[in-house]
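You will see two complexes here that share subunit A, one where it goes with subunit B and one where it goes with subunit C.
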Partner chain A sequence: MSAPAKTVETVKIKVNGKELDAPKDQPVLQTCLDNGIYIPHYCYHPALSISGNCRMCLCTASNAPKAVISCATFPAEGAEYTTESEEVKKLREIILEFLLINHPLDCPVCDQAGECDLQEFSFRFGKDDSRFEEEKNYRHTKKLGTNVRLYGNRCIVCTRCVRFCEEIAGDAELCVRERGDSNIIDTFPGIPLENPISGCVADICPVGALFVDDFVHKTRVFFLESTTSVCNMCATGCSINVDTWQGEVQRLRPRHNPDVNDYWMCDRGRVGYKYSGAAERLSRYEVGPARAGSSAGDGKAKAGPTDPPRSTRAPSDFGKALAAVSDRAERVRREHGPGAFAFVASAWMSVEEMFLFRRLATTLAGAVPGEAGPATGILAVADGEAWTPRVGGAFKIDSDRNPNRKGAEMLLLGSFISEPFSVLLDRLESGAIKFAWVVGGIPDFSPMDRFRDALGAISNVVVTDILPGPLSERATILLPAASFVEKDGVFVNGRGWAQRCRAALPPPGETRTELDLFQELLRRAGERERVLSAQGVYAELAAEVGAFADTSYKTLGALGARVTDDEPAEREPTGREAAKR
Partner chain B sequence: MSRELSPEAQKEFDWLVTRYPQREAAMLPTLRLIEREFGCIDPEGMKLCAQLIGCSPAKVFGVVTFYTHYKRETDGENVVYVCGTLPCALRGSDALADYLCDRVGIGLGETTEDRKITIKKVECLALCDQAPVCQVEDVDWLRVSKEKADEMLESLGIPKRETAGAAAGGEEKRS
Partner chain C sequence: MAGPATTHAPETPSQTGIGERLFLPSVVKGLLSTLRHMMFGESFTVEYPEESVYAVNKFPNDENRRFRGEHILVKDDQGREKCVACMLCSAACPAVCITIVPEEVDWEDRDRRPKVFEIDMLRCIYCGFCEEACPCDAIRLTPAFYQVSRTREEKVYDKEKLLNDDPDDPRGKYQSPIHPGK
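And now, the complex of A and B:
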């Protein structure tokens, strides 16, 4: 099913007198957009089939007697197109006047206000009045599915949402009902809009007719601050924007990235920021005494949910907690050697964090030739269900629900983690481990019972985590951590595509990022001079780890880059491409 | 509990789809078939159509509601379609609709309690030169005056008013 090697055939056209090479099988509208000539449009979307119903994209052509819609006009050799003229200006005014006939003009209470193409085009291309004096019609407001809400009155019936459901998601749950000015988007009675990427209809709706329920009446979009980042909810790692206001994430939106997610993201990922704002987030450093005489090395550790309650840890601060970590590690190393340590990483860490954690482990545990090294392992959440849209370019929902398992494979497996998890469990239970450091950072994580219980019997358990849970309960030293909306770092998706996650907010309370934490510990141990930004740490990593060589934050840019040598997966066709076959 | 076509209707459908390059293109005649088989097109009928054609029920829903002439389950035994598009509107279709509703005693889009008559305003019936136009089942009523409206209602079992004068114009009824 591989696409034939593509040589783009072009023809010469002129737009507003400027000569352009226009790809033959691409609408004039897209060619103009690609060349910085803006033509307003509603129904056209690069990932969807061409519908040509909104008429907003009208322009004049030298080879047509009347104005043509540029979204459905393919370039003819030598033709001249005009997008800026009195005639086109007039046409745009008329179209907008029509589109607004039944529109309620309720911008003050509309969540789209500020990023609405109706507002935008009215402002730029519209008339300042309307001749329509009759009564406007009324069309329903309703929930189309669990996640999506329709404000029918604002709909301009461009059918982007309908085409998305049929062509991309695949279940075609939406339709345009009735005829003429009664046209309204609806679902079939009893079959709601419930596909796993249903929220995308709100992204592509050019007006304020469709919203993801989570964002209805939450904030004004013009107050939002946007940070480009990566979704953390599965191994696809959709490119996203994290939109914040007043120190809180208000929504996540997919960002176009043809190599990762095309224009889409799943509904689960879209609300995947929720835990970061949870009231119970860990935000205080806490240090408690080492567990006394827990297992003394004789046989199996016996422990369980009856661990020291949280209250045995006293509030501390960054500096003191780090000192406690160093001191305890130092003592264990002296008394028991490197074999008494365990380091458990997480598939939710960034590559920079993994890189530093690996170093930190060697520094804290030391190494004695001929003696066993520390026990190592990695935490990850269990697989979920995979889902592939009918056509979605590179987008899919990965069954691997960890954002950086691939990164962990590249940075930790083999070099750092050489034993299977079962060996780690055996060693944790053997009583020989006196110092365990567990990095969590996984929301809703429930570790296996054996792991949890074994931790409860180890003298020193350092836990880095974001939410209270079975891990933090068993910590003797608790270090709060930053969630993905609060940290900088690179994540490698399941296909080996490395992308930058960027901090949109500061971590809660006194929390410092793991990046700072690990570096500061290394600095105190004399292993590094300075505490660097994620960019600096990445540069060190790239110099050391082959697969990342020649990449930097600069080359990764906003869209990322491939960092593995595995066979690159064949690029899946995107919507329009697939339609052409 | 899902609905099925009778063997004969199924045979007709199988023949129908052979006449179109794409299965989806056979949707309109398939809907007619279902309407004939079950008396109207209700949600179950739409689902059946979707299943036969191989598309989503929503798509069929969109098509059924686009066309005025598919009989929906909410309709009465007889549906009076009053054209409301421009030429008819200019020739008084609004007043005509009001008059009809008034005489039958229901609102526009409503059905009488005995479920005998529904009155609907529809888009163009394609007889603009004869405006205003009504349609009752398969019969077109052209240049409908009050008198002709009475006659039309009489054909549906609503007796003429005493005061109303006799109306002619039967020849303008077309089948």
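And now, the complex of A and C:
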């Protein structure tokens, strides 16, 4: 889907006696990797230009007198390449012995241990001893920028990070300094590594030389359990792996997805899991009495409108809180009709949750023909700064800081939300609203004062949120919610790619996911037989919402799929393609 | 060939003399050896619990060091823990009884040590895998085996307890190099 069917010119080559069709403009190494023939390599990275300095991918070719590096060798018609001979084995041993000459035995304290190419290749391809008897040299350990730390001793100077900064991030902050065995990665004086995607240098570092500061000395990678997911910090929606250990998220790592984020993610997203493990996370269902005296109508007349009202909520549980929600909604519907309801969704909900919330709104408020329906709106974070690398390229950081605004537009706008936010505010302030349900789920969210004050004067305010804040302070019924690392769901990024987010951890405390919450309420209202998984809800959604038709969790797979009809944006060339021009 | 098949190897002509074939001299020899140890030899058993195993050193050359008892964390020559919190012991531990939280330190020779190092002795099965996994010779199993405590909490040994180097302590005295020359 990413590129129009382009005929790739191929030539016939033989690798280890196996005949392959090799694309002409692709190095033999990549062709081998694509065909399941593994050749060890350090400096080669599919998104970066070819450097050919690590020499690890040596193989023998029928058309060359000496061994060639397969990363910089392009296939010749009929040529035969050998990657598994005694000669190649010997060469790899020699190369590794050289690479390890100055490498310290830091594995016990090195955070790369367990996912380190040097460790792995030494084990698989290396010699069992070293003949080096002299003293190892010393190279600096320093912070290259706020996020990245360099352990110079462990570096093998593959220059992946240098090329990344030149070709992908575009600011070229890194360079190789000194000569010979003193070769070392460094920044230029006074110019630290501060681009918004600087953390990626740690991902592409094949050894333990570069780290994201957040992960240093935290745990060991061999303890981590990975869950494929979507980053929720902006509308780019990078494919990520959520690495967890002992019930905590330890780090987020970008996952290769050529249509979304390529191999990269931004530094802001990389620490975007922090709030999910915050100690103050809401984890208890709380129910308080309906706020009295609010029927006077003028919300602004209350003393100190910006002060949070004193909480009168008492601890409750899932069942009782839900019963309270439906009882009060029932009472308000009987006394005031559907026009007394307000439903405020959030651009941080998954599409399944939006779908259920939409249905729940109709169920709770009911509908009387000819009368005004419930007030509706959507919460979203203000736009931040967009970022595109100076050199161009596929990766960009969206200015939209909401993970699922596109999904909200597709599911809620028009059908559910038909009026602008100002109309919602007016209705909330008018005093006619007796029951408001606000879904937050946005970390560090500060709603506009008018919205906040209006909520403080409404008699029944149900708030679904993850962190205490201005919303939860004004709730009469508080329903804790799951963060993105704790729930299953589909998020649609700014360019219309729907991707699956998977639960990596259970929600904190007694919390149940919103998916359970909404479905349980619908079930109690007789709208649904049983509580389904996210996959089941998505199937319902796909049957009902045209844009999602013909998609399922299975077709979305790990990389997602486009669900909008808009013309896909022309994919800009990746680093190597750009560098070639 | 209808008879039962022979399963025995064909008998070889005996190489031994009549004395050995009678066994009697050997039996007497063995009994004499037993008698000698009984009358004049040193006893190898300890009258536990009346007698303390730590007080009586029955094994001067070996000090029953192959016995796997409670752990110690070894100190280096500067009195700091040798452990670098690599967590290989807790990875190797089949009973999952080792809890480590690493911490960064600003030392010349290493930049990491355990902030928390706890062994749940009630869970430990004394297999010694932690000792084997340790790349820094930082954790060892000592012959100490007194397992008495009044509360469960006492049996979760923290870093301070594991680093004990009190020579009067049953574990602490093994802080002195167990493997000389290492």
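Here, the second predicted complex is superposed on the first by the 554 of 581 C-alpha atoms of A that agree within 3 Å, B and C clash if a C-alpha of one lies under 4 Å from a C-alpha of the other, contacts with A are read in each partner's own complex, and residues count from 1 in each chain.
We adopt the following convention: a residue touches a chain if its C-beta (ideal position, glycine included) is under 8 Å from a C-beta of that chain, and two chains touch if they have at least 3 such contacts.
Fair warning: this is a prediction, and the values are worked out from it, not measured in the lab.
Asks: Superposed on subunit A, are subunit B and subunit C clashing or fitting side by side?
Replies: In the superposition, subunit B and subunit C stay clear of each other.
Asks: Going by the contact rule stated at the top, is it subunit B or subunit C that touches a larger number of residues on subunit A?
Replies: B
Asks: When the two structures are overlaid on chain A, which partner does A:Ala172 contact: first (subunit B), second (subunit C), both, or neither?
Replies: first
Asks: Vertex at subunit A, arms to subunit B and subunit C: angle between C-alpha centres to the nearest 10°?
Replies: Between subunit B and subunit C, as viewed from subunit A: 80 degrees.
Asks: Taking the superposition as given, does A:Pro65 touch the first partner, subunit B, the second, subunit C, both, or neither?
Replies: Once the two structures are laid over each other on A, A:Pro65 reaches no partner at all.
Asks: Just to be sure I read the superposition right, which of the two partners does A:Lys218 touch: subunit B = first, subunit C = second, or both, or neither?
Replies: After superposing on A, A:Lys218 lies in contact with subunit C but is clear of subunit B.
Asks: Pick one for A:Gly190: touches subunit B only (first), subunit C only (second), both, or neither.
Replies: Once the two structures are laid over each other on A, A:Gly190 reaches subunit B alone.
Asks: For the superposed model, what is the least distance in angstrom between any CA atom of subunit B and any CA atom of subunit C?
Replies: 23
Asks: Where on subunit A do the contacts from subunit B and from subunit C line up?
Replies: In subunit A, nothing is touched by subunit B and also by subunit C.
Asks: Sort out for me which residues of subunit C touch subunit A in the complex.
Replies: Within the complex, subunit C contacts subunit A at residues 84-88, 91, 102-104, 110-112, 135-136.
Asks: Can you name the residues of subunit B that touch subunit A in the complex?
Replies: Going through subunit B, the ones touching subunit A are 43, 46-47, 55-62, 65-68, 123.
Asks: In their complex, what parts of subunit A are in touch with subunit C?
Replies: These residues of subunit A touch subunit C: 107-109, 113, 216-220, 222-223.
Asks: Within their complex, state which residues of subunit A touch subunit B.
Replies: Residues 162, 165-166, 171-180, 186-191.
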